[in-house]
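Shared between the two complexes below is chain A, which has chain B as its partner in the first and chain C in the second.
Let's look at the complex of A and B:
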């Protein structure tokens, strides 16, 4: 059984003056849906987006619906004008600015619940991602 | 200008070559190098019903500005969880648009497009009537 953990730390000495912020929860372990069995599927990669390409599916919901999966995406551009729109199907989650990352659970609520990404601002925006999955079904042969 | 940093370390031995991802980000205003300056503060809420509840209303953010949301299930259960959704009222698995499930100890940090509509309220729904606690915080410019 594999073990996958994710550790977070958020710090700020001056966001709330007089009360330094330090969110430092224990590392979480990623388990298969509703179990204590570690995840055993991973999809990692990197790519480049252009505004002209429009929205692209980074990951299709090709697994069992309503399961436990986790998504990490990082906009690795250093140009502050470059941001990536992140969405699930038709719903915009948010804008990932340059050198920013996100980490979210993803339950693949239904077959349409793909993770999609779209570059905004001209130029080429590099990104990295890692998706840790409970289930995955390979696409059908064409 | 405030400086707020978030760092993540992911470690995994799913593959035969272990994976380590380490990244730090500074939370900036939209398309800017200026740090965000506002926050809701860290909040904690205890739940004991499966009713969906809006924890962050769309009106708490500003469309077109940078916002980030941190949410964590402070429990330890591997069976009970919170659905987290961008939605007007509910967070069922097949409701548009559920993001995912946070089991005990799970956390998430995501950008948030605070579109001025209930479709961008952040809603959670516990999977059980057993008591569970969620902590959350919004960072915004």
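Let's look at the complex of A and C:
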């Protein structure tokens, strides 16, 4: 088994005056579903989105339902006008602004649970991603 | 404005044959800006889930933040039992399962609905001391002038409504966006206790139905025994 960790830190000295914010939980180890056995599947990549391409599936839900999976996405554009819409199937989660990232659990609960991304604003928006999975089924050969 | 920094480090020495190690850091700003930091937060909170049978909780309502804003949500499952998890939903769509010790950090669109509204118009002849009740709030007329009574209604604090006033008409707006399927407020919901000979009225008009929000964040624990979730909303 592998040991893969994700460490978060959120800090602000002035969000709540007199009470500095410092969310600094221990690094979380990514385990297979409900166990203490580390995840061993990863899919990483980078790409570029254009507004003209509309919404694209970053990842299809091809794993086993109700398992542990994690998704990291970063909008690596430095143009403040560039943001990426992040959704699961028909539901919009949020807008990922330039130089922003997200880290979420993902349940490939059914075939209609794909992670989709869509560029907003003209130009080309670069992004990078990593998906850590408990299980995965490769697409069928055509 | 505040300066808020959020960083992530992903690392593994044995997942691949080469070390996996990368870090990203963001300064959290309002939508489309680089210099204006997010300045609003619900604060860091801890919510306990102990319900038998299991019940979901709405953690954040879309009305709590700016639609299409650069809102951010932090969640952490404080359980130490490996099999315990929270299922995270955005509206009716399942995002995923947050197992013991896991955390999540993501942008949130906070897509608003429409809040129900209606106008109540004070009319007729009023006598000082007459009362009218709505939404659990009792108002006792201290004037015979309809504009004065309307001003009194507007000065109240209703649990489920906010108000504005213009002459004898008070506009009510629901605090939360809800799709009730029909307009829920009618003249009959206003209870007036008249003095003898009075014909005081409070008539509801221009009622407009609300629509539900579509990105509320809901959380469901996996067990009926106690589980705690740490969470925070940073928003516009």
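Criterion: the second predicted complex is superposed on the first by the 142 of 142 C-alpha atoms of A that agree within 3 Å, B and C clash if a C-alpha of one lies under 4 Å from a C-alpha of the other, contacts with A are read in each partner's own complex, and residues count from 1 in each chain.
The criterion applied here is as follows: a residue touches a chain if its C-beta (ideal position, glycine included) is under 8 Å from a C-beta of that chain, and two chains touch if they have at least 3 such contacts.
Not measured: the values here are computed from a predicted model.
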> Since both structures carry chain A, what do chain B and chain C do when superposed there: clash or fit?
Replying inline: clash
> Is A:65 in contact with chain B, with chain C, with both, or with neither (first, second, both, neither)?
Replying inline: first
>> Looking at A:89 after the superposition, I want to know if it touches chain B, chain C, both of them or none. Which is it: first, second, both, neither?
In response: both
>> Tell me the contact category for A:31 with respect to chain B and chain C: first, second, both or neither.
In response: both
>> Touch test for A:127: chain B only (first), chain C only (second), both, or neither?
In response: neither
> Taking the superposition as given, does A:136 touch the first partner, chain B, the second, chain C, both, or neither?
Replying inline: neither
>> Give me the intersection of chain A's contacts with chain B and its contacts with chain C, in residue numbers.
In response: 2-16, 21, 23, 25-29, 31, 34-36, 38-40, 42, 66, 68-70, 72, 74, 80-81, 83, 86, 88-97, 99-107, 109, 113, 130
> chain C touches which residues of chain A in the complex?
Replying inline: 2-16, 21, 23, 25-29, 31, 33-36, 38-40, 42, 66, 68-70, 72, 74, 80-81, 83, 86, 88-97, 99-107, 109, 113, 130
>> Under the stated contact criterion, what part of chain C meets chain A in this complex?
In response: 2-16, 20, 24, 26-29, 31-34, 38-39, 41, 43-44, 68, 70-71, 74, 76, 82-83, 85, 87-88, 90-99, 101-109, 111, 214-215, 232, 234
> What does chain A use to touch chain B in their complex?
Replying inline: 2-16, 21, 23, 25-29, 31, 34-36, 38-42, 44, 65-66, 68-70, 72, 74, 80-81, 83, 86, 88-97, 99-107, 109-110, 113, 121, 130, 132
> Can you list the chain B residues touching chain A in their complex?
Replying inline: 2-15, 19, 21, 23, 25-28, 30-33, 35-37, 39, 41-42, 66-68, 70, 72, 74, 78-79, 83-84, 86, 93-103, 105-113, 115, 119-120, 137, 139
